[in-house]
Structures are given as structure tokens and as C-alpha cells.
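As written, the chain order gives the labels A, B, C and D, with residue 1 at the start of each chain.
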């Protein structure tokens, strides 16, 4: 399914960097991006794309397609932001705000000027924030992220649950893909009715499998001396990079100064 | 006049195309995407979500201290919810979308647990699939991990109390939890982007109206699916 | 020479996110009526090949054709395609979806939009053919692995495919279960179905197959009559596939003894030949 | 005769809800330093036996003891017990819990409340022993089945058990992977660990085991030195377990040839003996 998204986190060129360095950088830029002006946000989009494609060597096709999907969602959300409806007798009141519109029965439907401005703002903000999320997604393996969370004293229950969920998610995704392939090979999903039936079978199989897994895993854990916690030894093999630290520091300071000049 | 007609024709075509293609638009699988909310609102929803998260965590910590193996069960439930949301189900308009699975989870595990598990599922969706986001996790958490599950649990209890018909209770719980999740999402968007003329209410009507076309059939689909799953589970 | 039932022409497939292709520029033909074994190490592309043949994966380049007709990836064509070609998965757990045996076997039949009577009739026929009548209403998770494999196979054969693809059908089975499975496959083959089996069990392939295909790292190494493939000791050793035990024993015998006979395919044949001395 | 490491005395176990006992009144002893194979059909109770031995199931009657000391089902005793006896499951997925290879191997070590340095040192030793250094930071879901089995085994061996129990360790593995696994087991055995392997692969058991235990429907049939067990052709045939292929070939040879030698355990031995003729 989406296994390959996770694969890049383990193979990218920024892998040797400490996860803290990458995570803090991405979060700081995310913070700046969510309050900055559109011009600054544009710069952030370009800068982080350089990090993802240039430094981390994520194939441009992969990065582009993820960004493209996001762009489609953004575009489809624009009509909801720019369309306004008022009753026809109020038409005069909104004339100043209307770029164009048409009358439907007793209603006047128009494209609002303020809505367009808002859509542009939202679009730029999302386009600047999304690469920050993608930098985390593409360059920090989830296992290392868990290490950072432990270091930051996130409650143990939460980290344990994240650790186990990460393991189970891929187990179940595998079961789900295989079962779905098996259903297709036997002609499932042909009609809408059979689709619903097949999906229902699939979901209930997943529940049954998860309960079976529960029993199996509790035995598996017992053999390994389970005592209530999921402590593991995380090997900090990463190397702090001064070059990337300087670039991120200078870049962020530059962005803030640019922002203050507006 | 002619120009005006052409324009409205194009608008109608665009609108219908938009409704067919872009099912639950900024709320992909009903999640508000990264950076979509203004920073004030993003923080606000985080602040609203945090107490529920802490409350859920406390009750989880209590349960897992007594029975450490429940961590396994909870993680399995979370993974199940995540994987279920990756499953595409057909909705009546012809588009496909994803079930939230929170209704089933809430009935099986209770709403307190789901307020944490839902949040974890959202985190995985953001970090593994880029669905939703980190800044908007608070807002999504409130709609999907808090209000949806509470609603589902309440409805399930209520209907069981009133009619005692389990299928009906499950159907309503799952369908209405799904529907309410989208109503809350619409409200969150309306609050953040009020209409220039009609204010928040008009904006809500707009967002809710647009999503209703795809979400109501989807909610029914999820309800039916959950009942199917529930009935199959009864045979085990 | 043969009329090819299924044909691969320069087919390649790479898993999303992978750097190496799982199947690289592969051309081969499966002849009707033959028992074909696909051999190779785990991860050599055997399963991928079967998934491609069933139209479950879409090949990145090259063409796959059925009796000369090229596979196109459109829903109605794929549906027809998968009706002709049945696929039994390596792990029956990943193939069985319903709650009981009868429900699972009828799943594929219901997908064909047959009449209720037709479904019931074919379901009962299949239950009879695979001696599953007693298990019909048993929940699947109460079955043993051998029974699950039988149900999985029955679910595929209920659709009456012309070509049956099997992925490691004997994995996890003990000798007795393997013996029963092979007897069932013989029955299926005798009724006119062509069978392709992917396996890493050389002993099994040696005693069962007419034709053998050897894969290595997604590439075709050999596609020849089984006897010829197993005669190429050097190629098999180079790939570290080893040799069927029976054949190794045979080659250990003095050359003078072996010259007069072709290599035996079963222990019984070996014993008979040695008795003849 | 032997100093028994692990001993079963009239042990019975019935699964909750089952009518038949999975293990019935079973007594046997596992000797230190030996390579023991447990043989039998699927469902004969092999896995149950291993689960009982590791204290995962609680026996309904009878006693299990370690060097004469009886197993009692209390948490601290059980933890110590499981430290001495390592169990590798049939399905490696079942016992892998963490996100990456190194983290998973360290999980068992962290449960021992060792110091961080000790954990790190033993982790690295284990990674070296099992040649897993290159995979250390790989997530578990990116591994092949053979690699997962290696990691699961490494996770068990990191705890330095005195007795290693393996449930169908070669299921789904191809020849090359089986070969590597056996080499690893030889290394583990040479370092002083006693190994018990449940398998239905007679060829594997024949070439590997010193001692063989045959189970049928939860009851002990044989527990004798492997050579003696495999000499009882009638018993094995009666249970429909069959014979190791190599031995079948050997018995097919003229009696005059066989009289002078004990049966060969490997193909190489067979060839050497035939050459000697």
C-alpha cells in the first residue's frame, strides 16, 4: 500500500543526521511558516524542497506526486472558501465584495473578493507547512522519532503504544493487501453490492486477526520476559552535522528578519 | 447578459465537477490538512483537545498498570483503526472514501480510550501518509477522537436502552459518529473562515452543505459496514 | 511445438519504492495440459510472477497474453481473466475471508452473479469433490492448516479455472498432508486443468513436474522439460538450489548401473531398478 | 545414563474448550548437550509440548522440572525459567515487538535489568554473532522471512539460554536459508546450548538430530537415539510419517552393500560409501 513512503525515511541521505536536529528544524520552520507572510512562505516552500530533494535525495517524482496530491486537495477546497450565497435582495450590500456572481431563484451566488484573498493566504500557508511535515516524514525513521519522544519525557504509555502500533500497522497492512488481492483474484469488488460485501468481510477479518494476534503476541512477549514496559536500547549512531546546523540557523534567522521587515 | 450566462454555466459545471471529483475536500478522509487553519485556531483546538488527551492517558495509565497486556490490545485496536481508514469503501455518489472506524472503536473500547487512540492514529496518518497534519492535529483530534467517539458511545447506549436492538444501535452509532465528525469539521472550518456577509453560520451552512452531498451517503455506508462487521463478529 | 496457454513477453515489474525490479524482462510460455514447476530461492520473484499472471499486479513493461490475446487492465477484461486463471496463495490464512467453509467457497461463486440455484449446485459439487461436506459449516479458524489449504484450493477450483496457479502449496504441510494434496492435484489435472506450481521444494518438483522454470533474482534462467532441467547439475549448483535428494542418490550410484536407465522419478522406481540388478 | 536437563513427568494438557487432550500423560527427558528432534504430524502436540516446556501453558496434571527442580507457576520463577529456556516460535512475527532489528534484540535484554553498558555490549555481540550488523537499523517490516527468523533467533539467544526450543524453524525457508540456519544452530550448539527442534521434516531431523522423540495424538511413541528411531521402519510407516529420503535410498541398495556400514546420515557419506565399493 503505502509501504514505500516509510521506506525513504530509512534510505534517505539525511539519515545519518541526529533525529533531534531534523525534527527541531522542521518544527521551527513549521512555526514560522504558519504565521509568516505569503512571500516568506514561498521562500520556505523552495528552501525545504531543496532539503528534501537536494539534500535528502528523495526522488523528485515521489516528492512531486505527494505535493501534487496535496495541491489537488487545496484546489478543491477553494470553491468552498470563495463562494458566498446571500438572498437576492441583499445583493446590493455585497456588490463591493463581489468579483462576479449569478442569481439562482431568490438567491444571489457570488465569488467574494475577501474569500479570494483568504484562499490565497490559506493556499500559501499550506504549501509552506506541508514540506515541513514531509521533511519529517521522508527523513526521520519512526523508530528514531520514538527515541526523541523518550528523551523528551513523553509519558511511557504513549511511547509504548506508538511502538507497538507502528509494528502492528505494517503487519495488518500486509494482511489487508494480501486479503484484498485474494478477493480480487476471486472476482470480488465487481459490483457495488459485492464491493460492500467484500469490504465488510475484509474489515471483520481484520478484527478477528487482531484478536488472534493479541493471543499470539502475549505468548511471544512472555517468552521474552515481558514485565509491563517496552524498554528498548536505541543505538545513537547519528552524527551531528555542523554544516546543516549552520544552514538551518542562518536560514531561520533570515526568514524571521525578512518577516519583521514586512 | 450572454457573457453572464456563459459565466454561470461555467460556474455550474465547475461546481458539479468539484462535487463529483473532490469529495471531502480540505478534510481529506475528514482531516483538515497541514497549514489549512490559521495559527490562532490551530492552537485553540490543541488547547481544547489536550484535556481530553490527558484524561484519556490517565485512564489508560491506570488500566495498563493493573493489566500490562492491555497495551497490546490497545495498540492492536489503534493499528486496526489506522488500517481500516486505509480501506476504501464506495459511497453512493460514485466516489470512494474511507471509514473512520471510530464508531466501532468507541463501542468496543469506550470513548476515553478512543480519545488517545484516535490521536495516535491521526499522528500516524500525518507521519506515514501525510494525511492531516501536526498543527491541525488538535482540531482533527477534537472531531475524530473526542466528539465522534463520545457521540457513538452515547448513541449506542441510548438506543440500546430505548429499543434494545443492537444492529440499529450499532448502525446509528457508527453512521452518526461519522456524520458528526464531519459536522464538527465543518464548524471548525466555519469558525476559522467566517463568511464575509453571513458570518459563521452562513459559512457553516456552506461547508456543511457542500460536504453533505458526499458525507451522508458515506456515513450510511460506514454504518452498514459496521453492522456487517458486528454481525460477523457475533458468529465468532 | 506447444500451444501456449499463457505467455509472458519481456515482462518487467518493480515494487513501488524498490530500487531493483522483482521481475526483469521475463519471457516464457505455459503450455496447456502440462504440470509446470517454477523453481528458485525465496525472493527470486516466484510469487510476483504468479500475481502478474493473475492480473493482480500490473506489469510496468512487456505483455502478458492468454491464447494469443493480450491482457489489458480494464475491469471487465480482468474479471474474465481471473475467472480463467485461479490463484491459490502461499498462506491460506491470507486467502480465506468468510466465516465458515461453505460461505468462503461460495464467495467467489456469488461474485460471478450466477443464479442462487447455480451457486448452491456448484458449491455442493465442490464440497463433494474436495470431501469437505462434513466441514461445510465449520468456522474457518477451527480448521487445521491442511484443511485450510484444502478449503482455499476448493474456493479457487469452484470457479472452474482453465489454469491453476499454486504458490508454495506444500509449505508447512507434513508428509501425509502433502501426499493428500498431490492426490487432489492429480485429480484436478486429470479433469483438464493446467497447473503451475511455484515451490522451493526440489524433491516435490522433481517427482511432480513435467516442465520446470528456474528463476533467479527476477530473471529467467531455464524453461525446459523437467528432466532436462534437473540434468543440468552445474546450473542448479551454481544457483545454490541444490539437487533433488533422489537424484543425488542416483548420481552416487556406479555409472555402469545408471547407463541403462533414465533417472528414477520416485523411490519406487529407484527400488525397482536396483532390484533389477 | 544422561543427566536430564528438562524432565516431563506424566504431563497432560487440554486446550480450554477442547474435548481431547493435546498432550496426554507424557513423560520424557531432554538430556543436556544433545540435539533433540521432536517428530510427528501437524497437530500431534509438538508446539503444545514446547509451550509447556517454556512455562507458557500451565500443565493440568503432572510435573515439569529443570535439573530436578520442579516448575511452579509464579511470576519470578517463570521469568527465571524463561531466561534459561529460550523459545523461537514457528512464526517469527509473533515474537518481534520493536521497530528496528537492534531495538528488538535489545528488548529481552532490557527486561533483565542489566546496566546500559551490559545491554549495549551483549547487543553488539549478538548482532556480530548473527551477522546482523548491516541490518541493525532496518525496520522489521522491511525484512524477508529468512531475515526475520534470524532476528527472532538472535533475540532469543541474546538472553544466553541453556536450552533452546525451536518450533518448525525451517518452515517456509528455502534450501540455502535452511543451510545457513543449520550452520547457525551448529555454532549455538558448539557454544554449549542444548537444542530441541520440533519439525515434521524427516530429512532435516535425520541429518541433524542425535536423539528423536516421536509424538502421535499427544502421546509419546518413541524417545530414543535418532539412529534407533529411524531404524524402526514399521513404527514410522504405521504412523504414516514416512522415512527420510536418504534412508529410503539406502535401504533400496543391495543388502550385501549395506551390511558393512551403518546407514549414512548425509549425501556425502552415502557417496563416499558407494565410492568405496
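Keep in mind that, in the parts below, a contact is a pair of C-beta atoms (placed from the backbone, for glycine too) under 8 Å apart; a residue touches a chain by one contact, two chains touch by 3 or more.
If you're wondering where the values come from, they're calculated on a predicted model, not measured in any experiment.
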Going by the touch criterion at the top, tell me which pair is linked by more C-beta contacts: A-D or A-C.
A-D
Chain centres computed over CA atoms; the one at greatest distance from chain B is chain D
Quick one: report the Å distance separating chain A from chain D, using the average Cα coordinate of each chain.
45
Between chain A and chain C, the Cα-mean centres are separated in Å by 41
Using mean C-alpha positions as chain centres, tell me how far chain B is from chain D in Å, no decimals.
49
Multi-chain touching residues of chain D, meaning two or more other chains, are none
Within chain A, the set of residues that touch 2 or more other chains is 3, 5-7, 142, 163-164, 166-167, 171, 197, 201-202, 208, 217, 221, 226-227, 229-230
Could you list the positions in chain B whose residues touch two or more of the other chains?
232, 236
Going by the contact rule at the top, pick out the chain B residues touching chain A in the complex.
4, 7-8, 11, 14-15, 18, 21-22, 25-26, 28, 33-36, 38-39, 42, 57, 60-61, 64-65, 68-69, 71-80, 82-84, 86-90, 99, 116-117, 120, 123-124, 126-130, 133-135, 189, 193, 195-198, 202, 206-207, 210, 221, 224-225, 228-229, 232-233, 236
Enumerate the contact residues on chain A facing chain D in the complex.
3, 6-7, 10, 141-143, 146, 163-164, 166-167, 170-171, 174, 216-217, 219-227, 229-235, 237
Complex contacts: residues of chain A adjacent to chain C
3-5, 7-8, 175, 178-179, 181-188, 190-191, 194, 197-198, 201-202, 205, 208, 212
The residues of chain C that touch chain A in their complex are 15-18, 51, 54, 56, 75, 79, 82-83, 86-87, 89, 91, 94-95, 97-98, 107-108, 110-113, 141, 155-156, 159
So, in the complex, the side of chain D touching chain C is made of residues 41-43, 144-146, 168, 171-177, 200, 202-203, 240-242, 245-246, 248-249, 252-254, 267, 270-271, 274, 277
